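Order as written gives the chain letters A, B, C, D, E and F; numbering starts at 1 within each chain.
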Amino acid sequence: MYWQDLTYPEIEEKIKQDPIVILPIGSTEEHGHHLPLSSDSLQAIYVAEKIAEKSNGLILPPIYYGYTELDDFKGTISIGFNTLYNLVLDILNEITDDGVKKILIISGHASSLHMGAIRYASKKIVEEKDVKIMVLSDYDIAYELRAKLVPENDSHAGIIETSRILHIREDLVKKNWIFGEGSKKKYMITKGYREIYPYGTLSSPNGATKELGEKIDEYVIEKLWEIVKENFSL
Amino acid sequence: MYWQDLTYPEIEEKIKQDPIVILPIGSTEEHGHHLPLSSDSLQAIYVAEKIAEKSNGLILPPIYYGYTELDDFKGTISIGFNTLYNLVLDILNEITDDGVKKILIISGHASSLHMGAIRYASKKIVEEKDVKIMVLSDYDIAYELRAKLVPENDSHAGIIETSRILHIREDLVKKNWIFGEGSKKKYMITKGYREIYPYGTLSSPNGATKELGEKIDEYVIEKLWEIVKENFSL
Amino acid sequence: MYWQDLTYPEIEEKIKQDPIVILPIGSTEEHGHHLPLSSDSLQAIYVAEKIAEKSNGLILPPIYYGYTELDDFKGTISIGFNTLYNLVLDILNEITDDGVKKILIISGHASSLHMGAIRYASKKIVEEKDVKIMVLSDYDIAYELRAKLVPENDSHAGIIETSRILHIREDLVKKNWIFGEGSKKKYMITKGYREIYPYGTLSSPNGATKELGEKIDEYVIEKLWEIVKENFSL
Amino acid sequence: MYWQDLTYPEIEEKIKQDPIVILPIGSTEEHGHHLPLSSDSLQAIYVAEKIAEKSNGLILPPIYYGYTELDDFKGTISIGFNTLYNLVLDILNEITDDGVKKILIISGHASSLHMGAIRYASKKIVEEKDVKIMVLSDYDIAYELRAKLVPENDSHAGIIETSRILHIREDLVKKNWIFGEGSKKKYMITKGYREIYPYGTLSSPNGATKELGEKIDEYVIEKLWEIVKENFSL
Amino acid sequence: MYWQDLTYPEIEEKIKQDPIVILPIGSTEEHGHHLPLSSDSLQAIYVAEKIAEKSNGLILPPIYYGYTELDDFKGTISIGFNTLYNLVLDILNEITDDGVKKILIISGHASSLHMGAIRYASKKIVEEKDVKIMVLSDYDIAYELRAKLVPENDSHAGIIETSRILHIREDLVKKNWIFGEGSKKKYMITKGYREIYPYGTLSSPNGATKELGEKIDEYVIEKLWEIVKENFSL
Amino acid sequence: MYWQDLTYPEIEEKIKQDPIVILPIGSTEEHGHHLPLSSDSLQAIYVAEKIAEKSNGLILPPIYYGYTELDDFKGTISIGFNTLYNLVLDILNEITDDGVKKILIISGHASSLHMGAIRYASKKIVEEKDVKIMVLSDYDIAYELRAKLVPENDSHAGIIETSRILHIREDLVKKNWIFGEGSKKKYMITKGYREIYPYGTLSSPNGATKELGEKIDEYVIEKLWEIVKENFSL
């Protein structure tokens, strides 16, 4: 299932079967006082594994670094737009040169410019080569549950995210569930977010449970698998 | 021990103790018919963990992609010099902005231009900020054993590397130990290496054992730990 | 009101009064069979003029080119992410060097990566200089009327946009109101959009009127003016 | 006549007739105490319109920003060489992809590096695609009148330029005609020009009249039209 | 006299005397059937040596490569605008870091974009550091003799240039003096110049003599030395 | 023998004979108190001339600037990795466009990242065009004599280098032979080397003689010529 566990002749054989190759992209980003910096990476990898199982696909080594504006919180590591763009572009170029035709990029981090860099690189490949690339954040699907399972304003490090990490890696969730109302001025460009969201949470995690997390993850996997099957004509 | 397992307030506390922060860099590169594409990553992470234990340090999320000229072998994923340079530069900038003062970069992959990109980025940081950065490949130390424990020409996917992977992840080593004499013309720039080294091994793995791997890894860790203590005045 | 109509000593005087300086950014992009390629530019400039009037501000020469993925439609001119980023960055650097402290960037074009380039450049300036920058698309406000004045799925070249152009430049609106259901596969990266949206409209313009356009424009201006006053403490 | 006033199907039809497509490039640059910052843009657009009329061509949305060394005068907005180069390159790439074969770039601003960026981008296109591109500043022609209609040293914001703006937009010309002898050291690279040309005029505007401006503009148009006809075999 | 002939402690001593440091820039460019590809380099170095003698200055190792549009003639080696820009920028940064305060850049090649790259790099240094940089082509002075000593249209590989090379390196001048009227269309961007100037000469060399070359070189040196003295207050 | 001494029709003829074209690359770098800054350039050019003679090849104008970390010593001029990469790339592109098929790049400077930039540019050309490129430092061969003719640790500005410069340009060697034991910490990235190697010598020059230099140079030329003949099938 993992690209990197194979030898090169094994990869060569495997590529001939036209597998879906999945690139999980996370981030190293603050997620409040209770969730680990790897939260986005954990979720992307979890989803990637489930889809790889279902599709008999391959998972590329994950990218643990993304672009995020929350980098004035200690521990957050944001890489530049062009760094991320070139990293994804180089990887896509190499695997499509090797014959890969079906690519799924799952990002656990969903911020707009981060996704933009990934899509921009993917678009360049699609324009130059005859391959199919699907790009999404699992949050594109998970947030369909807002106003259904969770409050409409559920967001970064809130109920959905806390529940999912409880489900995936409960041991990494701290008891320290703090949330404070932010006061970001609409449309203003900010130097940093630490003053705006003092605890790094954009909505309250209260109400999160492991069971809810499992339910959400199941929803995400099921929905995503349907779309994958249709998009890649499986 | 893992940066990404912590929350941002935990990282903030931890950084105040002035820990050595370790960035493991691997590669996704062919290693013959018997070793996995992740061989360099596995070794870098293994060494990083041992040094982190000894120094009570932190390990950053690994970079699984490096620059390699062996990219005409299927499965190998090489990223550009500037991609790697910018990735390392961005990470170093972020963690030093957060207050990290002691950094150790361990690359399991040792090719010259790959190490050059890492050192070039590190040098830029050292010139601009008051931090200490140590950069090496664990092979800088492991190859001290050439002509002692192993033949002088032991190289890529040969006895040392095979032994070490047997020690670290025996389950990923295949039985298929093939080696064929290469015929690279001296100093000539080549389009690819597949024609030169038909099996992707630059020296024979025959003679590799798990026990030898353990011995080598112990040597590397011990030697490296001595240097780390001296360089960072521990 | 227009930066470019003044002489340099006049600008120098004007800047001393600490005006809001507005940069309108449009696009040169297909808008179906009935709207001109300048639709986004027209709307951005219209809104810029209204806010400049209210705030006694200055309007910079507009940028008529943006990033858009609809560039396989003839006439559409898309510029690269980095081209747009550098253009906005250079302009912001020059005017802030001249002493401008309050900047409002209004983009008539709202696509994610286009806005991302503008915000990314603005963020760099805000991190380096003590200035305030507000960035939005007037569609961030106009689309608040979806599910109220117009159908929820109203989109590119649909009722809102057609109504607004009828209001602003009726002479440029053609009678040819065609819409065809698109069939974009979810999350798939596409080479072009011509096959997906055969008429270049992403929702039907039927129902658009000049009166509706006036109403929408009034709403946008009023809402925006409120936010501007608060953000810049007028 | 204006590219941006058309819909995409109209552009598609129009391009089939193989029109000359004109890109007017101006600047936002100080022009003394009497001329507006838009002086170069006004002249480029004026000339573009006349040639578009004569040739039944299309005018692209203008670029109001260029590279200029006069950027220490307030109000002047200079963009970098590479910013301008990439902007022109992207535009040329898009319109030639759409089938445009005959391109005329008219820059109202004539400084050497500014023209260099435009020509360098155009050369790249001409080397890659089978299209014709003509690049000039209208001042390449207007300055043929030096030593004839005006003094030999007539220059930036002097008699020719003031006369032309009087002809094109008399309402924007202020009464404040100041000129002071500059003292630039030959061949020395300067940080700025404000100390060298205290009033932003490089030659005296005295003697400028609207009638002279009309005469000059007629000369420019006539001469240019002759060259255009010959170059594009009309 | 030559920077590179000294040891580093000698340079250190020499810089304390605040010398003029001269960077000669040439080109590797066709100069007809009779002049060597090094013609521009030879002239720049000759002039640099004379001024270094008079000023007791230092000459940096020459740059033999420049930007030229004549690169479809065999043997011509043109480097990109940004390559030249960065090369000059890096050199200027290093020597000004070492304490050099007075810099004279003499380019034997005079094409507009080539000079633009050199000036653009120099301007960046002058804006950031307190140093004086003078940039010119010796042809800026030599061409003052047009319409006096030689025909007004004397140009590339014509009488002045042939005479000067006869004076500087007679042994490199071939007997093959061919010139053919070119037919470049005004303002058109061309793919190459070989079809336009079939012999690589832009004006006839007939009339060139060694004596004339000596006279011209004396004029250039004398004039340049006057300007250097004034500009650097010697 | 020198590319630049020829006219373009002569180069055209010469290229038809499929010559080896040699690019000598040096550096402007401190070499202790006794050797000139041009030491690397002198050696590269010397070797280039000998091989050009033997092969009836052509020598391109030398590049006197390279990447070096010793740039805190006065007089040293280091250019960036990308500057060097682009310079070499542009030159290689131009000469291969002219029909050159066999290229030998000899660098007198041997530092790892410097060689990396040259090889990286060469690799790009080899991947795109059907040409042969051989890249080495003459020190790759000269250092084969370590532990034979000279001590094993002989290094920068030591016995081999001093001997060779005595042989090539005795007049440029100063009497001031100083060496001081350096104390570089293993694997640590340093801001500069002046504190580490106080005299700029990395090993002692004592024992150097002109006769030894001749012997070494003969060895280098002979060995290199053998390899060249084999690599280019002469």
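One rule holds in what follows: a residue touches a chain if its C-beta (ideal position, glycine included) is under 8 Å from a C-beta of that chain, and two chains touch if they have at least 3 such contacts.
Keep in mind that this is a model prediction, so the values were computed, not measured.
Common neighbours of chain C and chain F under the contact rule above are absent.
The chain with its CA mean position farthest from that of chain C is F. Centroid distances from chain D, each centroid being the mean of CA atoms, peak for B.
Between the Cα centres of chain B and chain F there is a gap of 30 Å.
Chain A and chain D have Cα centroids separated by 48 Å. The residues of chain C that reach two or more other chains are 82, listed in rising order. Chain-to-chain contact here is organised cyclically: the chains close a single ring, every chain touching exactly two others.
Traced around the ring of touching chains, beginning at chain A and stepping first to chain C, the chains run A, C, D, E, F, B. Considering their complex, residues 69, 81-82, 112-113, 115-116, 119-120, 122-123, 125-127, 132-136, 140, 185-191, 227, 230-231 of chain D touch chain E. Interface of chain A with chain B (complex): residues 2-12, 15, 26, 28, 30-38, 41, 60-65, 71, 73-80, 82-83, 86-87, 90-91, 94-95, 97-99, 172, 174, 176, 200.
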